[in-house]
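In what follows, structures are represented as structure tokens.
The following pair of complexes shares a single chain, chain A, combined with chain B in the former and chain C in the latter.
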Partner chain A sequence: MSELNLSPLRRYLPEDLMFLAGQPAVYHCHHFNLFLDQTIDDALGPELGGRLRTRAAREFSHHLLQAVCAKQGAELPPERLQVALELFRLMGHGRLHLDASPSGGAARGTHLHYGFAWHEKYGQKVRRLDPADAFGSGYAAAAIEVAFGLRLGAMNAHEQSCVAMRAPACDITLDATQTLEEPRPFIGEAEAEAATGPAENGLFEDIIGPISNGLKEFTAGVAGDERGLVQAFGVFVTMHLAGYYNRISFDALEAVRAQSPHSEGVLADLLRESGHVCVFNTFGGILLSPEWEGLVGPLVDDPGQILAFCMAMGRALGFGRWIVADFQPERRFVLRTPCSYESTYYRTRFGIAERPVEYFLQGAALAMAQLAHRVHWTARPQLTPEYYQQLFKGGVPWRAEQTRAIVCGAPVSEIVVTRV
Partner chain B sequence: MLATREDDSGGCLTLRLAHSCYRHLIWDCGLVNEEQAARLLSGLSRRYADESRFAWVRELTHPDGHSIVVVPRTGRVQIRLHYLTPHGERERCARQVVGELSAALRCCEPV
Partner chain C sequence: MSDRNLERVVEEIPSLRAVFITAMPDCLLYDSWLKADETWTSEEVASYFGDLIRANREGLKALRAWSSEMQVTIESTDVLLVLREVSADFVVSFAFARNAPLGMVRLHVKRALALLDELLPKIRPEERPRALRISEFLTRYAPDAHTALKRAALRSGVPVELLERPEHLSVQQVEQFERSVCAILGLDTLSL
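Let's look at the complex of A and B:
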């Protein structure tokens, strides 16, 4: 069995969707991860929300682990468990210790990304009442399923104690179950390619392409440290499964639509806000980093350049081949892409939509316009929660409208951001 | 919005809390020029391990686990303290490291 390394398992389509051993994957930071999980729990309540998040984690981790174990030649249960634990650490999700058989058992997590990051961000101010590591729990269940050749959904997981609740470690129980979930359509590279339009070039391509390639080269070497955490760009970064984000978002929307349709718009707005959170923290953190300065040079306060940089970052993070289709300073910014992780998932699982559903993309485009025009980058601002509030609450001077959508049958998705 | 501390306690190099979510682990030093950046890298090479993956951003690791990141093209220098550094010790530790950096520059030129 060969040593595990993320880089050879990672592949980008020419349209810049990223895959890890054939599973759609992206990089997201702890701010985004915590915000999205909280959004789901706010919509469904912590019990239902936690269950959905655990199942989503189990589903996509199961597919990932099957593929990675096959590639690594891990055939025996101990080998497969070793692969699972090391992969979890390398992806920046923390350290898991498993003591389980096909009938169940326990997992213990240390420095699990969600619980640890929640404690770091909010622990001194807020007392959390529910565990935070549904992703780690679902992953642990999938690891046992794959190790022992069980079907997807054969193992349930419940986090009993969590560092986010001020416990010394995260303890997860694993129980075998006979109640399997209905199989759902698989989403891999072929499905993504089927839902991808033609790649185009936009403005600033001479800037975007080389930077995107440099960032991809840099992130190829990014992996969890001995704690299983990735400290980079001022945030805690994860390589994460896009299917997890998509399933929790779209299933939550479906549940809210069924139970309280008047609240669906609120949830959609929060999913859009996840795009603000990502762009402010991750993109902002990358721009302020020495790594960026070394790769690109000192920042300038030029909105066109900042938007070009955002396109490069979006591509390198695996979000798709974002282009600047149009730009008029202080007036208008048009982002276009032949694919997105949201549209790939939606088209594969649900088909054609009546209206655009790429909420993250919509929010990210608006946030990029705001960051490009309103942040004084040369002053190297601290990206604090207060600064986020200042930029994004109480009257953002931009409006984002999705004018074309792959999920509605268009060849590309397009967000037009205009000055209000 | 701006950094909370700026100080010249290191002698040659200034010290400023950098943007991060790691509670006083990341510190920016004042800029050095290209010649000083080369001298700094050379001066640190005996005690620090060079773990650079790219020529455009050099990363050196202190025996205690702290990292020094140097951007040769701009002279930016950043100290990344090891995460096990106790919270109450982080600023003092950053001052100590910047002192070592200044010594490596031989403290002979103003920055």
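Let's look at the complex of A and C:
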């Protein structure tokens, strides 16, 4: 069995969607991860929300682990468990310890990304009443399923105690179950390619291409430290399964639509907000990092250039081949992409939509316009929660409208951001 | 309180940097005095001090150790704070320079409070709708405050447009709203 390394398992489509051992994957920071999980729990309540998040984690982790174990030549249960735990650490999700058989058992987590980051970010402000590590729990269940050759959904997981609730560690129980979930359509590279339009060039390509390639090289070497965390650019970064984000978002939307349709718009707004959270924290953190200065040089206060940098980061993080289709300073910015992790998932699982559903992309585009025009980058501001509030509270002077959507049958998705 | 009354009471107190008077139970700024070179925002400070006294009162009651003479002293790196309830209607907070002698501070606070007790109105301020106070409490303490109302709307099932005008909520909606705020803040009850 060969030593596990993320880089050879990672592949970008020419249209810049990223895959890890054939599973759609992206890089996202803890601010985004926590905000999205919180939104799901707000929509469904902590019990149903936690259950959905655990199942989504189990589903996509199961597919990932099957593929990685096969590539690594891990055939025996101990080998497969070893691969699972090391992969979890390398992806920046923390450290898991498993003590389980096909009939169940327990997992213990230390520095699990969600619980640890929640405690770091919110622990001094609010008390958490429910565990935070549904992703770690679902992953642990999937690890046992794959290690012992069980079917997807054969193992349930439930986090009993969590560092976010001020417990010393995260303890997860694992139980075998006979109630399997209905199989859902698989989403891999072929499915993504089927839902991808033609790649185009936009403005600033001479800037975007080389930086994107440099960032891809840089992130190829990024992996969890001894704690299993990736602490970089002022955030905790994870390599994460796009299917997890998509399933929890779209299943929550479906549930809200069925139970309280008047709340669907608010949920969509908060999913868009997750795009603001990502761009402000991750993109902002990268721009202000010494690594960025080493790769690109000192920042300048030029909105066009900042948008070009955002396109490069979006591509390197695996979000798709984002291009600046049009840009008029202080007036208009058009982001176009032949694919997105949201549209790939939606087209594969639901088909054609009546209206655009790429909420993350919509929020990200608007936040990029705001950051490009309103942040004084050369002053190197601190990206604090207070600064975020200052930039985004009470609405922003921009409006984002998705004018074309792959989920609606268009060849590309396009967000037009205009000054209000 | 007339513009000059508070100033007359406190302006001669040595090492005093500011005084904030918070009207309870809404934790709104009633009056303040700041030394000329201070840059604090009285409105922001006052509400937190009101909440602090209220939490302190509830904590002491739980310990069966509460008395109306309760006074809170905070010694931070930069400032020496003394907070005190004046009747059930007002909390007066004195901010002194950190190096002010504690004995001198207590003496001046006692004298100033005696004067303020005479000057502050005895009529209980009209209590505002509970839903409005819940909304303000949420905005004050929720992380990512600008999204807090939307989060409460999702949790409670009460449309966000209604939560934006909380004074018009029905009794049932106020209960749903309050439960959602408790959940967001991780609290069993709201101390309002």
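Operating definition for what follows: the second predicted complex is superposed on the first by the 420 of 420 C-alpha atoms of A that agree within 3 Å, B and C clash if a C-alpha of one lies under 4 Å from a C-alpha of the other, contacts with A are read in each partner's own complex, and residues count from 1 in each chain.
We adopt the following convention: contacts are C-beta pairs under 8 Å (C-beta built on N, C-alpha and C of every residue); 3 or more make two chains touch, one makes a residue touch a chain.
Owing to the predicted nature of the structure, the values given are computational and were not obtained by experimental measurement.
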item: Touched partner set for A:129, first chain B, second chain C, both or neither; value: second
item: Which of chain B and chain C A:42 touches, first, second, both or neither; value: second
item: Touching partner for A:269 - first (chain B), second (chain C), both, neither; value: second
item: Touched partner set for A:261, first chain B, second chain C, both or neither; value: neither
item: Contacts of A:392 with chain B and chain C, given as first, second, both or neither; value: second
item: First (chain B), second (chain C), both or neither touched by A:198; value: neither
item: First, second, both or neither for A:185, with chain B first and chain C second; value: neither
item: Touched partner set for A:231, first chain B, second chain C, both or neither; value: first
item: Which superposed partner A:384 touches (first chain B, second chain C, both, neither); value: first
item: Common interface residues of chain A - those touching chain B in one complex and chain C in the other; value: 121
item: Residues on chain C engaged by chain A in the complex (per definition of touch); value: 141-147, 150-151, 153-155, 157, 159-160, 183-187
item: Touching residues (chain side chain B, partner chain A) in the complex; value: 1-4, 18-23, 26, 28, 53-54, 56-57, 69-74, 76, 78, 83
item: Partner chain B, residues of chain A touching it in the complex; value: 30-31, 120-121, 217-218, 221, 227, 231, 234-236, 285, 288, 290-291, 293-295, 297-298, 379-384, 386-387, 390
item: Residues of chain A defined as touching chain C within the complex; value: 35, 38-39, 42-43, 45-46, 121-122, 125-129, 256, 260, 262-263, 266-267, 269-270, 273, 385, 388-389, 392-394
